[in-house]
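Labels run A, B, C, D and E following the written order; every chain starts at residue 1.
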Amino acid sequence: MVNIANPILLIAIPLLFAFLIAVLAPWLKKGVKYIPVIAFGLNLLVVFELIPDVLDNGIVIATTAGIKPPFAINVAVDRLSLFLVLIATLLGFLVSIYNLVYIKEEPAEKFHILFTLLVTGITWMIVTGDLFNMFVAFEVTSISAFGLVGFHRDKDAAEAGFKYLVMGSIGASLLLIGVVMLYAATGTLNMADIAEKIMRFTFKQKLLPYAFIFTGLGIEGALFPLNAWLPDAHPAAPSSVSSILSGIMTTAAIYGIIRVTVTIFNYYQVILFLILFGLLTLMFGETAAFFQKDIKRMLAYSTIGQTGLFFYAFSLGSINGMQGAFLQMMNHSLAKATLFLVVGGIIFSVGSRNIDDFAGIGRKMKLSAFLFAIAAFSLMGLPPFFGFWSKLKIIFATLERVNVYTIAFVVIVLFMSLIEAAYFFRVMQVMFFKEAKEEKEVREAPAWMLIPAITLVVIILVLSFYPTPVINFAHKAAADLVGRSVYINSVLGGL
Amino acid sequence: MIRKITYGIFLGIIVLSLILFFAAFPFGKNKMAVGKYYLKNDINQTGAANVVTAVTLDYRGFDTLGEVTVLFAAATGVAILFYVLEEDKKKRERQVYPNFVVRVGSRIIFPFILLFGSYIFIHGHLTPGGGFQGGSIIASGFLLLYLAYPGERVNRSKLSVVEGIAGITFAGLGLWGLFTQGNSFLFNFLPKGQLNMIFSAGILPIIYIAIGFKVASEFAGIVDDMMCEAVCSGGEK
Amino acid sequence: MDMSLGVLLATPFVGGILAYLGGKIHRWVRYTFAILFSLLAFIEIFFFYNTTVGNYVWGRLFGSVLVLQINPISWIFAFIVTGISFLVILFSINDVEGHKGLDFYYLELLFVEGAMLGITLAGDLITFFMFWELMSWTSYFLIIQGGKKSITAGYKYIIMSVIGAYSMFVAIAMVFGRAHSLVFKNVSMLLSQSSPAFVIWFFVLFGIGLFVKAAVMPLHTWLPDAHSEAPSPVSPLLSGVLIKMGAYGLTVLFYGFLSVQLIGKLAPTILPTPLLLYIVEWLAAISIVLATFLAILQEDAKRLLAYSSISQIGYVVLGIAMGSSLGIAGGLFHALNHAIFKSLLFFVIGGVIYRTGTRNMSELGGLIKKMPVSFIGALFGIVALSGVPPLNGFVSKWMIYEALLQKKEVFLLIMAFVGSTGAFLYLYRFIHSVFLGQLPEKYKDVKEVPFLMQLPIWILSALTIVFGIWPGLAMNVIAQGEKFLGITPIKYTLYGFPQGTAMSSLKVINISSVLIIAFIVVLALYLMLPKERFVSQYDTYAAGQVVTPETKYNYSYGFYMFFGRVINPIFKWSADKMYEAWARATKVFGDYMRRVYTGNLETYSSYIVVLITIVAFVLLIGGKLW
Amino acid sequence: MIYASWLLIIAMIVLAILSIEFKDLIAAVVAMGAVSLIISLLFLFLQAPDVAMAEASIGAALTMAIYIIVVRKTERREK
Amino acid sequence: MIYYIGAFLLIAIGLYAIIIKKNLIKILIGLDLIASGTNLLIVSIGYVKGGTAPIFSKGNILAKMMVDPVPQALTLTAIVIGASELALAAAFVVILYRHYGTLDIKKIRSLKW
């Protein structure tokens, strides 16, 4: 009997289909656009099959080459990974539906190939249990992202793509150096194995490889000051790609950092510095977003800010903090993806990315504007939406211990939330309550572009009003992560 | 100038710290942990004489799948960036007359390059070399052809069909192993054969041949895109 | 019985959604749902009269239960919320007819009502905070529907609200970090055991959030803009109800979470009231005086009323912060009364705006003949507001004065009196400029407002009398509430207060009778005595020119300019300007901050290198991080 | 052998520096190719024939070709 | 050890080129140098003194004598990845030149703040 609940299928299926696009493109022509939908639909099935297994056992492990984990590459999905894999696959599926209508520019089939590879790479990065494999997945992700950022081939796209490429390449090299240092030190590449063997190392010995890996992943994960590519690249990419980049790619890189920090290095000594990174990222992202006139650029900066927020929450180091971080990750992924999708539809209709040109959208594109509002509310953390619960958790986790530092942290976080609220409300004012200067014919975006956003908003709403299962799940995921033994023992202890 | 010196010092600090780190793991010392296992069990587990191939394709075959994917993505990305509408392409094409010696010489050499490349990737599991090396050698053969006949182009859609099929072969073999035997991706389900024979090591040669085709067609595609760009839009002024 | 708290809370939300959806079918479906459900909520409130229902658990979150409760204190506020909301919806039907996006308007209106109801019913801090935020942003969407200027006003409102809410949020999180339960009972238990520093922090942070909503100076700056620019039916909701949520929060904070004794322990008590409460009292008193002065100088009728709201909420806060039984009762009663008469006044001015299209007082005048019902409403409103018997404002103000006297806080008493006197000035101005005097030519054909808009005016006018003559009706609940808070409830009778409650006893019926008799006597004298001859308004000369109906001869612009000249210097330093300067500074700073994204690839890569260099350097100097 | 590797590495560093300092981009690219070739030799010294082959055919040949195409397509001199 | 130092220096030179050099092609060379340096580093980590290539050819070679095969496999991957990255970067350079008419990175900064 074929067992569908195998995490490797999450990677193998879309890869197979991506290659299939290349094969079928000469014959199917435009028809290839349905292939990613099928691929991620199948993936979604696999994820749903995985959910009960992971919930029961806490972790699902799959081997390659029929050889036990430390010796061959393995793939492991524990609660935290499942969390993100679910989001990644879901976004991949929905955005590929969005692409059916959205991508009109040639060469469309190449776009679909790269798009499939991008989402696959992200999934890969999340599920892999091997450090070098993570590097490879990182490269799959970033190289497809480079290509997609340059998809429009215009001035902005070329500049943004090149900058992204240079920074991403440096990041990849640094990550590789870090991985290699760990190999030199331990003689193995399996995460669990390294985690086991690195315990005998001193703080000092662990610092340099950690710094390299952190920097490498941090570049992709948009941590300040490594995130300068992001505000250029996200707007330059087609909106559907931006929603994947913003929604899950940075999150996946942060996941990598979390995995490395907690599971491999068990590195609580550096946590104060990580808090610094989180807060700086948050501050710079949100303040810069406040000044943007280009909506996609604004959203990109907001992504930086949100990344900073959940990275900050993670770096609190407590189970509660991590729980908050995971909730915020989920919230950010769903909401930001929705925002980019909706904004893509609006730009599609209005033909401008300037916020001031969105006047009167609230009346002409009612549904889009409504979806935008809900997603923005959730992102800002206004009740009763899902973002509120995650923000609540983050603040509660911070103030578990009340001292000068935590108060200062909270003040910064909340002040930045205020700025975020300020610019989102400004956009909404323009959209809903400002009359358009000239009467232009603006029609609602096509239905196929709205359906993904609607689905995401429905998910956000369901989570908003029924958050308990997710919250409990996040708590368990955080506890598993902090406990470490679940992961390490089940990977090393065979199947 | 101050910038240069400052960053020189910074980079010096980084190099120093790296040296400091690696001082604990000196050059030439045996640091193997999993490596030892591979060397010990290579012959009975994979049957490939070349342990590097065994590691690349079997133990770490999943990495290689990723690597192939990266190359695929890069080739696609280059194709996107250099995408020119078909009609524009034809308009801009122009005739170039390269050296006679180059033209004739490349015609003679090209089959040999192909043969050499194929040899390398077919014997990937026995001798040094493999799909990547062989594939890139074949691609450099294509490069030679481009130098000789700048006006001509490869049929890109056929090239992409080749890469697609090669990729499907790789992923499909992996899935075959997963679904039929062992419940493990990339399971080596074919008989291992005898060491140092061409038909040995199970699925490894097949994968390496697929990779060879894939790498060759992808690099050829990249070169093709680059060259066409250079020629089609009248590059050098 | 427990379940019905959930039903009560759900009523406005369900109504809002149904009204929204119904509006897609026909506008009357929308109106039916809106009116029906707001009325339903109002009726449901009465099932909880004088009952205390605790701990209806409606959810669990982060290991804390989410609880709904109702007690007499929250009942008062829930009563205000549902009552005024119902009237606002009645009023809206004619007023905003024909505007765009009405479905959304009613949705928001009912959601605001639901959110405020949620605040009053909240039994734990998460619920409280959730509805608090919900109220902020839903009311924001109501405010910015009032035209161009309202957008800026709304922006200011939402920013200040969010600041306040976040301050409160920090306080809540601090408690959560220690108690891991946010049910009110546990909170008060925790606070009673905590160190004074912690309690003071909690008090201040939580208080800031409440002060912003209650518009206590210097955190009031959003109010004049928001209240005056909001659509006419929304202003009563804001002024009458929304700022009361701050008062409710303060009551809960002072006497629910803490207690007079506990606050007293925090600092040496040399003053008649504990120090923290004393500071609050002073802030309230300053609000009273300054806002009154500012109200006097306004030209815009709604702005005048908005400033008046700040000053009146000052009385409420002053009363509540007093800590004595009488003071608290006075404060709570004044909250109820203010909701009634301020909504009344806003309804009246809303009707005037509906008919004339302006709210600039110097352009109005003489509307008494055209809009008699509105005039009567305005008359009742201003009489009640200025605290003249027999209307309700008198009783509550009397209670506050008495309480101040009891505590011998003379300065505060004087300030309260000044506020009251000032109220006469601006209220006279209000009624004079709008209803009395010369009717401008262009308003010759103005008619009385439609019936549905008259209805709230009638109802509220009646209520001012009811609560003015029978204060015991309200005292009934308030005393229960005080008992609930653990304060000795005040003694009261239906008509007033017996001996021993305050320095003197009060029997409103007596005063009222005297006043009514006096009124009748004066009226009789007026009717009996010979009258002057009536002359046409225009039978006069001004500087040799014949006065025509077009000429404006009773000037109402700059009515109190002489007074303004005297007090203007005080307002050179306004809190508003300070916040604006602060915002500007933040903006400039942020503008510099974002310049790290130079667009220069070299810079970007150097960031990476510098980062690694730092780590490497740390390693080289011995791996010590600090 | 050990001296050969010393020499090669020093040559490699020098060539690397030259490759980033040459104003003529073609020369820089050629120096880069030489660095690749030396590295591939070093791989042979390090008992890694597979990698040496890959580096020689990919790193030295194909990458070089790409560089040269790009330089021809753009401009030859660094200003 | 000299191999390590050579690799580190290559990496450092590459980073230096990316930071200091303004020409796009030089930046590409810098990226390439970093990648090459990393590859050299990886392979030299796997080297064992007196070891042989990890291939069981016809002669009788003992497994104990071989160098570590894993870094070589990794390097193989890394080389191909580096090359593909470079190809993409080269394509971007061409596109940038088409739009801006220059290879000077200082002039290519229309996206900022």
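The rule we apply is simple: a residue touches a chain if its C-beta (ideal position, glycine included) is under 8 Å from a C-beta of that chain, and two chains touch if they have at least 3 such contacts.
Just so it is clear, the structure is predicted and the values come from calculations on it, not from any experiment.
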Smallest number of touch links from subunit A to reach subunit D? 2
Quick one: most central chain, C-alpha centroids? A
For this structure, which two chains share the highest number of contact pairs? A-B
Relative to subunit E, which chain's C-alpha centre is the most remote? C
Which chain's centre, taken as the mean of its Cα atoms, is farthest from the centre of subunit A? C
For subunit B and subunit C, let me know how many angstrom lie between their CA-based centres, rounded off. 73
Distance between the centres, which are taken as Cα means, of subunit E and subunit A, whole angstrom: 28
Can you check how far apart subunit B and subunit D are, centre to centre, with Cα atoms defining each centre and the answer in Å? 19
Based only on mean CA positions, could you tell me how far subunit C sits from subunit E in angstrom? 68
By the touch definition above, subunit E meets two or more other chains at residues 2-3, 5, 9, 11, 15-16, 18-20, 24, 27, 44-47, 53-55, 66, 70, 72, 74, 76-77, 79-81, 83-85, 87-88, 90-95, 98, 108-111, 113
The positions of subunit C in contact with two or more other chains are 594, 597-599, 601, 605-606, 609, 612, 615-616, 619
Could you list which residues of subunit D touch at least two other chains? 48-51, 54, 58, 62, 66, 69-70, 73
Contact pairs between chains, per stated definition: A-B, A-C, A-E, B-C, B-D, B-E, C-E, D-E
Which bits of subunit B are touching subunit E when the two form their complex? 3-4, 7-8, 11-12, 14-15, 18-19, 22, 25-32, 34-35, 38-40, 42-43, 49-52, 54-56, 60, 63-64, 66-67, 70-71, 73-75, 77-78, 81-82, 126-128, 130, 132, 195-196, 215, 222, 225-226, 229, 233
Help me check something: in the complex, which residues belonging to subunit A touch subunit B? 2-3, 6, 8-9, 12, 15-16, 18-26, 62-67, 70-73, 75, 106-107, 110-111, 113-114, 117, 120-121, 124, 130, 132-133, 136-137, 139-140, 143-144, 146-148, 150-151, 153, 181, 183-190, 193, 197, 205, 208-209
Given the complex with subunit E, which residues does subunit D contribute to the contact? 5-6, 9, 12-13, 16-17, 19-20, 25, 28-29, 32, 35-36, 39, 42-43, 46-51, 54-55, 58-59, 62-63, 66-67, 69-71, 73-75, 78-79
Provide the residue numbers of subunit C that touch subunit E in the complex, in ascending order. 594-595, 597-602, 605-606, 609
Write out the stretch or stretches of subunit E touching subunit D in their complex. 2-3, 5-6, 9-10, 13-14, 16-17, 21, 23-26, 28-30, 32-33, 36, 39-40, 43-44, 46-47, 51-55, 66-67, 72, 75-76, 79-80, 82-83, 86-87, 90, 93-94, 97, 103-104
